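Reading through the structure tokens given below for one structure.
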Amino acid sequence: MVYLCGEKYLGQVATQYAQMDPDAIVVLIKDGVYLDTTPLKGKKIFAIDEDVKRRGMGERIKAKAEIIGYDALVDLVVNNKVANFT
Amino acid sequence: MGQKKVLINISDGPFGNIFYTEGLRAAVGVSAGMDENIPTVLFQADGVYYCLKDVDRTDSMAYFESMKGLGTKLYAVEEDLAARGIASDELAPDITRIPRQKAFELFKENDHNIDF
Amino acid sequence: MAKICMLLTEGPWQSENYEIFAQFTEAALDKGHEVQAFWYLDGVYNAIKHQKFPEDVPLPVERMQAVIKKGAKITACGICVNARGLEGGKEFTEGVSVGGLPDLADMLSESDTFVAL
């Protein structure tokens, strides 16, 4: 499943499910880019380019998430079930 | 087209915002289409506060009644209850406690999930 | 091509969700997917056409008009519309219809995937 994390509080809830999911794909969108991803080590993590850049988070996030645009997000959403935590 | 299973997740407690009750209105609503989708409600994180037996359900009573008629299951995540010190005897009788692992299964089993 | 259902529960000017909605919808339509959306709660404010702002910035409703023009199908919750004094959506931009939760139910039945904002 794609865990769409749109804020810190809900992102923390999503993290607990994603940890149980061997196929978890985590997407950080909006304030989700502030999420502490330490508990998600080993999971595939993406972050939305524009949301990262606007928040000046590029340097902080580049080691833990792959930066993608909306185009790639659409592909993820149509190819996987979405778990909404926005 | 086709009947879908829809998980409604409520993650905020009452009454600071309207999501606790609008989520339940949506749970009833998603069953009202041509294909009579099957809703399930999951209270998680601070949403579990709405499962307290003494909580005022006045503004959601119609939805609880409708869900009872539909046979909608209402679940609360055990770990989230425990983290907030909520004991079984404090819960409303129509709420079923489930471990997070079972809640995760609900995400997988349902075709769609909506967060409130 | 996939059928995508979206839910938008926040209005413009206070939350960035309208912008995320517009960008995601535009990207999905450009890839040839179908997008149907249900605007619920304050999400119905996104449809009001008479938006004004003192500075020269793109208005949220203009972003929405662009995705409607591209093919997004949008229904606003009628109870939410009238609860907010929007009188059946008489000031709504073209392309937003006023319906009810049974419309969301049908969108969910028809869709391959669902995104909530």
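For reference, chains read A, B and C in written order, and residue numbers begin at 1 within each chain.
In this section, a residue touches a chain if its C-beta (ideal position, glycine included) is under 8 Å from a C-beta of that chain, and two chains touch if they have at least 3 such contacts.
Just so it is clear, the model here is predicted, and its values are computed rather than measured.
What is the shape of the graph in which nodes denote protein chains and edges denote touching chain pairs (line, ring, star, complete, other)?
Topology of the interface graph: complete, with all chain pairs in contact.
Report which interface contains more C-beta contacts, comparing A-B against B-C.
Of A-B and B-C, more C-beta pairs in contact link B-C.
For chain B and chain C, let me know how many angstrom lie between their CA-based centres, rounded off.
The mean C-alpha positions of chain B and chain C differ by 25 Å.
Mark out which residues of chain A touch at least two other chains, giving numbers and ranges.
81-82, 84, 86
Residues of chain B that touch two or more other chains: which are they?
Chain B, residues with two or more chain partners: 111, 113-115.
Touching at least two other chains at once: which residues of chain C meet that condition?
Chain C, residues with two or more chain partners: 113-114, 116.
What residues of chain C sit close enough to touch chain B in their complex?
Per the touch definition, chain C meets chain B at residues 5, 7, 9, 40-41, 100-106, 108-111, 113-114, 116.
Across the complex, what residues on chain A touch chain B?
Listed in rising order, the residues of chain A that touch chain B are 1, 9-10, 12-13, 16-17, 20-21, 81-86.
Over in the complex, which chain B residues touch chain A? Could you list them?
9, 11, 44-45, 79, 100-101, 103-104, 107-108, 111, 113-115
Touching chain C in the complex: which residues of chain B?
Of all residues in chain B, those touching chain C are 1-4, 6, 18, 22, 25-26, 28-35, 37, 111-116.
Using the touch definition up top, name the residues of chain A that touch chain C in the complex.
Per the touch definition, chain A meets chain C at residues 4, 6, 29-30, 50, 69-71, 73-75, 77-78, 80-82, 84, 86.
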